[in-house]
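Below are two complexes that have chain A in common, paired first with chain B and then with chain C.
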Partner chain A sequence: MTSYLVRRGAASIVVLLLVSIVAFLLIHLQKGDALTVKLRQRLPEEQVQQLRAEMGLDKPLWEQYWTWLSGVLRGDMGRSFFREQQPVWDRIKAALPVTVELVALAIVISVIVGVPAGVISAVRRNSLLDQVTRLFSVIGLTIPVFWLATIVLVYGGIWFSYSPPLTFQQFWESPMRNLEAMWMPGLILGYALSAITMRITRSSVLEVMRQDYVRTAWAKGLGEQVVIVRHVLANSLIPVITVLGNQFVYIIGSTVIVEYLFHLPGLGFVAFESIATRDYFLVQGTVLVIGAMVVAMNFLVDLSYAWLDPRVRLAGTTQI
Partner chain B sequence: MRYVNDDEESYWSRMFRKRLTRRQALRMAALGGAGALSAAYLACRGEGPTATVAPGESPAAGVSSVLADYRSRFHYSKLKDLPGQKEGPKYGGTFRFSHYQGFTGAWDITGPEADALASFAPNHFNGLVTFRQDDFSNVHNLYEVVSDLAQRWETPDQLTVTFRLPQGARFHNVPPVSGREVTSEDVKFSLEVYKQSVAQGPILADVDRIETPDRYTVTVRFARPAAYFLQSLTYPVFLVFAREAYERKEEVFVRQPIGTGPFVLERWDPPNIYSMRKNPQYFRKDPRTGMQLPYVDAIEAPILNLNVTLEEAAFRDGRIHTIWTHTRRAFDQMLATFPDNVGQVTTPPPGFQPYITVKLDKPPLNDQRVRAALQHLIDIDAIVEGILEGMAGPGLAHDFSFFGKEWPWTLEELQAMGANMGYDPQKARQLLSAAGVGRLRIKFMYGIGEPIHAEVYRTVANFWRQGGIEVVQDEVPITEIARFNAAFFGKQWGDVDVMGFSFAGPGMDEDQYCYGPLNSRSPRNFYWVNDPTLDELTERQRRQFDINERRRTVEEIIKRELSQSYRIWLVNIYKMAVRRGFVFNVVDTIHAWHNIGWGSKGNEMVWFSRAP
Partner chain C sequence: MAERNPDLAVPVALGPRLAPAFALEAWSRLLRFVRREPLTAACAFIFVAIVIVAIFAPWIATHDPLAGDPRARLQGPSADHFFGTDAIGRDVFSRVVYGARVSLLVGVAATLAGTVIGAIIGLITGYLGGTVDLLVQRVMDGIQAIPALVFLLLVAAIWQQGMLSVVVVLAVLIAPYVSRLVRGVVLSLREEAFVLAAQAMGARPLRIMMVHILPNTLAPVLVAASIIAGGAMLAEGALSFLGLGIPPDDPLWKTSWGAMLKPENLQYFERSPYLVLFPGAALALTVLAVNVLGDSARDRLDPRLRGTL
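Entry: the complex of A and B
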């Protein structure tokens, strides 16, 4: 197990390094830099060069990358070219809880809605309830998150007097104010995710229900609740967990547009803004943190197999 | 008179205050059952304008009938007769509107970012002079200089302007300035710093020296007559600041705006909120009523960064008090949200319109006939009617109000001044043929951050294609604004031939539309214009104090520019704003978007007739 952890840890570092290089190159290989965004007028060339030097943009790309990377290794992600030289980590630190909370809300909603709906749909296969649940799932799968969010904002206001708060407060500052801002975007993301969760749960439950040990449980005269919860559901959860882990990446991607539309100052919002302004250190810092979250989530999903499935745990002594 | 301040109703109580009615339940069921298409269809039903048609100014011949109708019904002259005006201003309340990030957070009004700060700094600073903007002003013409920090001024000759400051005007009570009185030395110091700055420097180029004969008098002496000076000084970033703040630039000046202005900064926290509270020792009084300014206690501006969907939702919900709409349909819909809403349709500023810059030194675009052909291939009327719902006129980045006009130039007027405008593909083909151009290929770069402007540019590309020109479109999304800026401001055009751009000028005086973009020595000439005739004319108009003489010179400049087709003009899109009925003195003006743009100076005039 220890060697597995070490290997996974080393691989994660390599992945993050590659992610940071790709992000760095993508943002730098485009025409225009942070200075051209900042200056909307023509300055004398010597003044431009002086400003470029002050921002460190006159150095070769590899040197700029190394300066940033060595800073990160020392725990310094650099400073924003905008925002009065605000440390990048301060910005990310403020944005991170917003995104984490949004993603957590989405996952919780998807589990609360998707898992029971999937189980019911499988147990009552081909019933009206199953048809309704599957329709619910298909709609969730086909409607893009950005479209649903826009519709909620536009027509929610027209028909139901709904509009999200215009300013944001963190959960620990004011839980109620925070939830005012979070519940609807969480619900939208959660709906998209619960559609997938429901389908995976349904097919997984159907598969498990065909297993011999389930038939045996029925033959022993166990009650439906016991069979479904203890024997079917527990064994159906592994693919659901795997998909939820993978969907984490999808949800992180969707937060960019949802955060923008609902004006939530999370990592997606920061990423969007920093790309627009060529705020290099902020782009790199944001990408690195998002990458780290994805890597960590995949790692946790792998570990959860062993916790959830004793067969994996036993095999793990030699195979993990 | 004062009313109880408005505390925002709790979000949850607002959400749940209405019990679910049968109708709402049916609506919800319909929403879920009918699905997306039917929902969109239902919602897209047009909501007609609710304002009563009233006699307004006579429209100029040749303008869209829709525009004439809207401009007449929502004309600024109706604002002075709104219900509540007779009772006069009241104090109190928190004014809420949507803002945008706009600048990097460094409050250096003397630095390269000063242009951007013109939309923020007037909340916290005062200039020497300003322009009028309230419900009683002619907002289509701002060529009336009024006092701001300077109580009055004299121009004894063409080389001297003397400003008199009031006694007792104080800076904000914030260290290190700590509420001390403003003196002539502060004005002198500020102007001398601006003289070296990029944004304001060109306007002070003719200043020879600044004298301070006493504590409240400032005399500006010029090396050459500067007819443009006083009007240009109303540009909302010629603001007076304190030396002791400036000298601690990094710790103080850049960090916090400490001026004499009507509001003291409370929070600048993008993308969350920009908020400020009333300056209790503000010196300025409302010139019309004589009442102490500002009227409102505070301003809270959520920084929504032009998130139109969210802005509209917030206005519907009553959480912001004004909104700028991008389409006529949105204007009508927002107007209908509350029965007492007030709409205003305003002539657009010369400084913000979609138009096209040409790389004038690149063959065959260096041939006037080719440029004229490109202009003739564009059907401006079709763009106005087809894309802009009639709410626009032909574009030209010169200030028609400088000539005393209330309406922008029509196509016919522009043609009479020599413009090669007017859709005429036949003539375009003849011009290209005469220039010896067979197959023309154009690389056309433009930003798509402003959706309506992007649509205009795309349509232009299609018109050119219909005219037989091969067009390569290079659309620049907002995320690549740096690439666009590098090309335009840095003049790194690469293989680009023409660029669609939206800013022109900007300026409060016609000089900024003449000398700024057209003189070959101007730092604001991004347009490749290098024309000795224009150099001479643009320089000449700067020295002419006789307004009629100057107008004649400016007209010559316009004619010269139009006849040479140095820029390709498209459309100028009207501004449409809606405000709640209890909010007064929130006006759009020809040059300034109130209250997120240059019109932010007018925030001190805003008052509420009742609690929201």
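Entry: the complex of A and C
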């Protein structure tokens, strides 16, 4: 068990290091830098050179990378080029809770809706309820998130005079005001995610229901509830968790769209804005934090395997 | 085993001289398909229709998709403008027609390129194993730890915008998925008797990979390809929606469905809400058709999975 965790943990750190390199290279391997965006007006050449030296943009790439990475390891992610050189971490610290709340909302909705719907759909296979649930799931899988969000904004505004609040408050400042801004984007992401959760739960439950031990449980005369919950559901959760873990990246990506449309100052919005202004350190910091969230989630998924499936736990002790 | 396959048996029994009867047979097979799998049949029809629209866009479009008519701004659907007109008086129907080209091209090109690259990587790393495999796996993890949309934004905003970069980046993002899929199949086949036999007979690794292993990866890759293509279309839509994919007045590609929904136009959407419906519905229907056809292909290629998803 421990060696399994250590191996997964080490792999996570390597991946995170790679994310930092990718984030750094993507933004640095290009013609022109932040100065070309920042200095719309022409400046004398020596002044540009001086600014460049101040920002450390004249050094070789590997040195810039190393300076940045060692700073990050010490807890200093550099400063933004704009907004009076606000430290990157301050910006990320304010944005992180928004995105975490949004994603948590989406995951909670998808588990509350998707898992029971998938189980019922599988147990009552081909019933009317199954057909309706599957239709909703297919729509959720294919409807573009940006279209759904636009429809909500446009038709919600026309029919229900819905509009998202323009100012945002953190949950601990004012829970009601916060949820007022959050519930709709959370619902949109939650619907997209529960469509996938439901589909995987259904197929996984159908698979498990064919197993011999389930037949044995029925043959023993156990009640439907006991068979479904104790024997079927418990064993069909692993693929669901795998898929939820895989979808985490997709949901974080989608937060860019909903945060932009619903005026939420989260990480997705910061990523979008900083990329557009080529705010190097802010982009690198944001992408690194997003990558860290994904890697952490994958690690948690690995952990849950070990917890749910004794075979993984035991395999860890025999290998290496 | 004794069961006859009626689909195969009938034309043979009819003999060569009954061509009209054969056409009739094909027709009745089509009808049977429609009756048995109405959803798949409907999606096949939608997909074929969209492909035709994409290929013959210049003949199907009723107006120039880029030419705005200032006297006809924000009009509702009419006989002249089937889907109405947008904020600068461009014909929405013609723009939706041209949008099909972008969506399908991105879906096909990115999926094809990403699948080929991913399959090669998966084949080699899975078969060789060892340090190379470990290293490549971690690089793939690194690429997958960055959300596709953020990756696309980075490249589009900072490097280059347009069709080519969208396709290239999507291919780079697709490759890890396919490589993982192929690698899994290769790992499970590496110890199979027919591979060991080929090795014992002195076949070189390249031959074993190409002749003995590659064909076995085809079915799972084909099935995954439909989901991947749908995802690629959605990603292009989202990128264009955010203003960093295909622009809404591209001289070559005209427009993308995502670009037609750009949030800058929100104030016009509130005045003419039908503007929101058509491009999004076109994208959703295309992705739906592709996914359902992929599911149906999976059922045919692997009957054990039939009806489970």
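Definition applied: the second predicted complex is superposed on the first by the 311 of 320 C-alpha atoms of A that agree within 3 Å, B and C clash if a C-alpha of one lies under 4 Å from a C-alpha of the other, contacts with A are read in each partner's own complex, and residues count from 1 in each chain.
Simple rule for what comes next: a contact is a pair of C-beta atoms (placed from the backbone, for glycine too) under 8 Å apart; a residue touches a chain by one contact, two chains touch by 3 or more.
Just so you know, these numbers come straight off a predicted model, no measurement behind them.
In the three-chain model built by superposing on chain A, chain B clashes with chain C.
When the two structures are aligned on the shared chain, A:164 is found in touch with chain B, with no touch to chain C.
Using the contact criterion defined above for the overlaid structures, shared-chain residue A:155 touches chain B and also reaches chain C.
After overlaying the two complexes on the shared chain, residue contacts for A:143 are found with chain B and with chain C alike. In the superposition on chain A, no contact is made by A:62 with either chain B or chain C.
After overlaying the two complexes on the shared chain, residue contacts for A:172 are found with neither chain B nor chain C. Of the two partner chains placed by the overlay, only chain C lies in contact with A:253; chain B stays clear of it. Once chain A of one complex is fitted onto chain A of the other, the partner contacts of A:14 are limited to chain C, with no touch recorded for chain B. Contacts of A:180 after superposition on the shared chain: chain B is touched, whereas chain C is not.
Steric collision with chain C, judged by C-alpha atoms after aligning on chain A, is confined to one stretch of chain B among 204-212, 384-392 or 528-536, namely 384-392.
Residues 30, 139, 143, 147, 150-151, 153-155, 157-158, 260-261, 272, 275-276, 278 of chain A are contacted both by chain B in one complex and by chain C in the other. Residues of chain A touching chain C in their complex: 11, 14-16, 18-19, 21-23, 26-27, 30, 125, 138-139, 141-147, 150-151, 153-155, 157-158, 199, 202-203, 206-207, 249-250, 252-254, 256-257, 260-261, 268, 271-272, 275-276, 278, 283, 287, 290-291, 294-295, 298.
Within the complex, the chain A residues that touch chain B are 30-34, 36-43, 48, 81-84, 86, 139, 143, 147, 150-151, 153-168, 176-177, 180, 260-263, 265, 269, 272-273, 275-278. Here chain B touches chain A in the complex through residues 11-12, 14-15, 18, 24, 27-28, 31, 35-36, 39-40, 43, 98, 101, 104-106, 112-113, 115-116, 198-199, 254-255, 270-273, 300, 302, 304, 307, 309-310, 312-314, 316-317, 319-320, 478-487, 489-492, 494, 503, 523-524, 526, going by the rule given at the top.
Against chain A, the residues of chain C that register as touching in their complex are 138-139, 141-151, 153-155, 157-159, 230, 234, 237-238, 241-242, 258, 261, 263, 266, 269-270, 273, 276, 279-280, 283-284, 287-288, 291-292, 307-309.
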